[in-house]
Amino acid sequence: MRRVAIVGAGLTKFYRNVQETPKELAYEAAKMALDSCEMKLSDIDCVVIGTAPDAFDGLHMKGEYLTDGSGGYRKPYMRHYVGGGTGVLSPIHGWFHVASGMFDTCLVVAEEKMSSAYPHPAGAFLTIFDHTTEQPLYPTLIWIFAIEMNRFMTTYGYRKEDIALVAVKNKKNAMDHPSAQLPGEITVEDVLNSEIMAWPVNRLDISPTSDGAAAIVLAAEHVARRVTEKPIWIDGVGWALDTAYWCTRDLYYPDYVEVAARMAYKMAGIKEPSKEIHIAEPYDPFTYKELHHIEGLLLCKRGESVQMLLDGVTQRTGNLPCCPSGGALGVGNPIAATGLMKIIEIFLQLREEAGKRQVPGKPTCGVAQAWGDLMQVGTVVVMRS
Amino acid sequence: MEIMEKDVAKTATKLKTQQILEGKVLSVKWEPNLKYAWDNGPALGRYLAELKNGRIIAKKCNKCHRIMIPPRMFCELCWRPTDEWVFVKDTGIVNTWVVSYVDWKAGRLDIKGGVRPITPAVIEIDGASKGMGILHLLDEVDPWKIYRGMRVKAVWKPAEERIGAITDIKYFKPIE
Amino acid sequence: MTKRVAIIGIGTTGFRATTPDLSYRELTYEAATKAYLDAGIEPKDVDAFVSTAEDFFEGYSIADEYSPDQLGAVLKPIYTIPGDFIHSLASAYMMILSGIGDIMVVQGMSKASNMLTLSELVTFAMDPIYNRPLKESPHAVAGMEMARFMYETGTTREQCAKVVVKNKKNALTNPLAGHGVLIDPDYVLNSEIVSFPLTQMDISPHSDGAVVVVLAEEKTAKSLSDKPIWIRGIGWCSDTPGLETRNWAEAVYAQIAAEMAYKMAGIRYPRKEINFAEVNDEFSYKELQHLEAMRICKKGEAGPLTEMGGTEIDGEFPVNPSGGCLGVGNLYELNGGHKVLEVVRQLRGEAGKNQLKDVTTGIAQSWRGIPTTTGTVVILSN
């Protein structure tokens, strides 16, 4: 198996309602990623694009439209997706391209422009549900997450005021992130007093509607050593999907994340994740999701994630910093781009280039994870310096 | 390399929703007119036909012994065709639920004006295997008094109004 | 590259204009069951799965949600490629080379009959700012391309019509095909004009169906299969999505994708080293344009070769012996899957009345349709 490293990264600012077209967002991120490692598009052998539902950007075959913006023009160029898990699948898909020996360099781009869908992208989410048995009930995405959050809470007796701390932590972390859309210092009371969306989910439990793009450059070892002194290696990849019959699953635990994590840990030779992993970027589109995913990633025992949060373990200065970037809750959530933003955060942290966000203690091993679809996808990447 | 404020500042330009709605920003509108007619297949086809009859039907896998709802022609876990059809009850228990203040377009309901929040739930149907639930709505219950394990029963539309759809059941209501 | 990868199982439902009796779930389940049986495996033996789906073709957002159940892929590694089936095949191929596992499954499905507003849908794929407001019919784009291709190569409408006649005839003896018919070139030329020079009969009708393919690494392939069909070269490429800047005469995407595959396979003279081709013929002229892009014919030569019968089943270089998109039906993202399936059937000697004699190497090529410039190629040998 060839070793593959991340050698460059680029990220746009995340906003709701950006003026730039999806193509232009993809270009900005891709260009920044190439510049960061002093590479040109002609040095790139292939391009992969991660972007989730076409309904957001309002484009059928969105991958085709994004070809030139992503740098895919007249190159082997391929799109992939697994709903909200797409962002972390992107480096995995790029990794195949390089690890297979078919290409030496790969530009990985992730883009989402959610604000194109009017009046609200929530409308686009109706069509993720089963067209026969569920859509006639007019479900919204928030419902199913609230349904899952409720099940998670009732199983362990978790309290809303404790879960709200995730939003407090992540929005504070985001204050140091240059791309952040919703950074800020808030309190648990602010979260609890924000308007109810679908109990137990309040406004501040949810990540925002965002537009944005992210990109990284992957290189085979011999190229990576040449272009950078600090390659960050992709040492483990894993992903899994659970059944689409989501009502037949017990939603208290994300089996799909555990399966994906075990696959990635096995490849990376990790036996005790909570000890060997120094830093994590679990997907946090909702407050409870960070905790749900920390449990699925085997970073703590089932039912112990809230205690970890209360003990400050997941703070930037804690033993296992989680979402030091500010996560989807603080930086914003342009679906596919968010996952890649998390990969970029681990990349920067392991290179000790995260500036004010830098976690102490010289971390050498990190994990990024995303999740999506009908609460059924886990995508996991383990990275080492 | 650190990604700095100055690096990202030029990558995206923020617009206000108001600027777009007032036409201060040139924009292109497009309302896609997309229509589909999905073939339901034998399993969901029968499911819908029985809903029209006021009954709920499931299908059994004789390998894992699950009685599955909605019914399916193959067992996704055992990877084999399913076996007999089984009628299940129109009662069940609430597995998990939500008190929603928003509709599917993220529009806010006028709760203060007296509109009842929407209360969707996963309902485990009696007669189906444990944990086999469907998404449906709860009504005729105080939204804040719903609890896990609450027993509920389907409230059907009158026979002449049923069309063979999941909405032939109007909602589920408590039966205790 | 040290590892070799083979196709060891294929399964399909066949292709027909409508499939009202089955849902997308059951279509794929049928194809998967046959493919696993063909390969002698069970879903638990599979290391990873790749499904092929495009949101608005399925009528679902993030259509990958509905991929695992009917493949036996619940809680297994699976992801979705919104591209052509051969993109998915390439993705699975790279996973084997990367050491992710030894057995991979690739799926594609078409429920084209369920899309009631196809023209509107294709328009929805056009650039929202530059092109959509013009409300051009998607067939106008094909008509413009056909005109430019004919102008630059000297290809005639009669030669294009001959492609339709040949492919629809081939489909008559292919039990998997749903649009076979015996017609003469005049029937095509006199059919209703859609967007001149394109007539109604130059356009492929659509079909429903599913294809599942099982791939395996060499050692596993040899232990499981008596007739492994080897992937010798694979390529994919996207040219510009812009209507304003593309090359209207030549299929540049097919050329670059083919050269990538030839290089991998060590092929220098495709016409001599490859025995037959299944190429995308969504529109009649596309078959000719693709043959020229892939260096199987010189520029301007594909039309005359077709006219002289050189691409018939008993011709010098058979093209679309299955009946192609014109005879089998346009399967959208599954088009490449059908091409791969037919090449494998030929190389295994399982193509029945359409069987070619003494074939050892075939090429499958696909295109993503209007308005894209994305193409894929795979070269297979027995």
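Per-chain residue numbering starts at 1, and chain names A, B and C are given in the order in which the chains are listed.
In the analysis below, a residue touches a chain if its C-beta (ideal position, glycine included) is under 8 Å from a C-beta of that chain, and two chains touch if they have at least 3 such contacts.
Since we're looking at a predicted model, the values are computed, not measured.
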Notebook entry, point to check: Closest chain to the protein CA centroid?
Noted result: A
Note to self: Let me spell it out: compute each chain's centre from its C-alpha atoms, then which one is farthest from chain A's centre?
What the structure shows: C
Notebook entry, point to check: So how far apart, in whole Å, are chain A and chain B when each is placed at the average of its C-alpha atoms?
Noted result: 26
Item checked: Inter-chain centre distance, chain B versus chain C - centres from mean C-alpha coordinates, in Å -> 36
Next item on the list: Let me have the rounded angstrom distance from the C-alpha centre of chain A over to the C-alpha centre of chain C, please.
Entry: 34
Notebook entry, point to check: What residues in chain B touch two or more of the other chains?
Noted result: 30, 32, 36, 38, 40, 44, 76-77
Item checked: Per-residue multi-chain contacts in chain C, two or more chains -> 56, 59, 68-69, 74, 121, 124, 128-129
Notebook entry, point to check: Listing for chain A: what residues touch at least two other chains?
Noted result: 58, 125, 131, 243, 245
Notebook entry, point to check: Mind pulling up the chain A residues that touch chain C in the complex?
Noted result: 1-2, 21, 52-55, 58-68, 72-83, 89, 93, 95-97, 99-102, 124-125, 127-128, 130-131, 237-245, 255-256, 259-260, 263, 372-374, 376-377
Checklist line | Residues of chain A defined as touching chain B within the complex | finding: 8-20, 25, 28-29, 32, 36, 58, 118-120, 122-123, 125-126, 131-134, 136-140, 142-143, 146-148, 150-151, 154, 178-179, 195-201, 211-212, 243, 245, 247-251, 344, 348, 351, 353-355
Check: Which residues of chain C touch chain B in the complex?
Finding: 19-26, 29, 42-43, 56, 59, 68-70, 72, 74, 111, 113-117, 120-121, 124, 128-129, 132-133
Next item on the list: Flag every residue of chain C that touches chain A in the complex, lowest number first.
Entry: 1, 54-56, 59-62, 64-69, 73-83, 87, 90-91, 93-95, 97-100, 121-122, 124-125, 127-129, 235-242, 252-253, 256-257, 260, 368, 371-372, 374
Next item on the list: Name, in rising order, each residue of chain B that touches chain A in their complex.
Entry: 1-5, 7-17, 20, 25, 29-30, 32, 36, 38, 40, 44, 47-48, 68, 70, 76-77, 95-108, 117, 120-122, 131-137, 148, 165-167
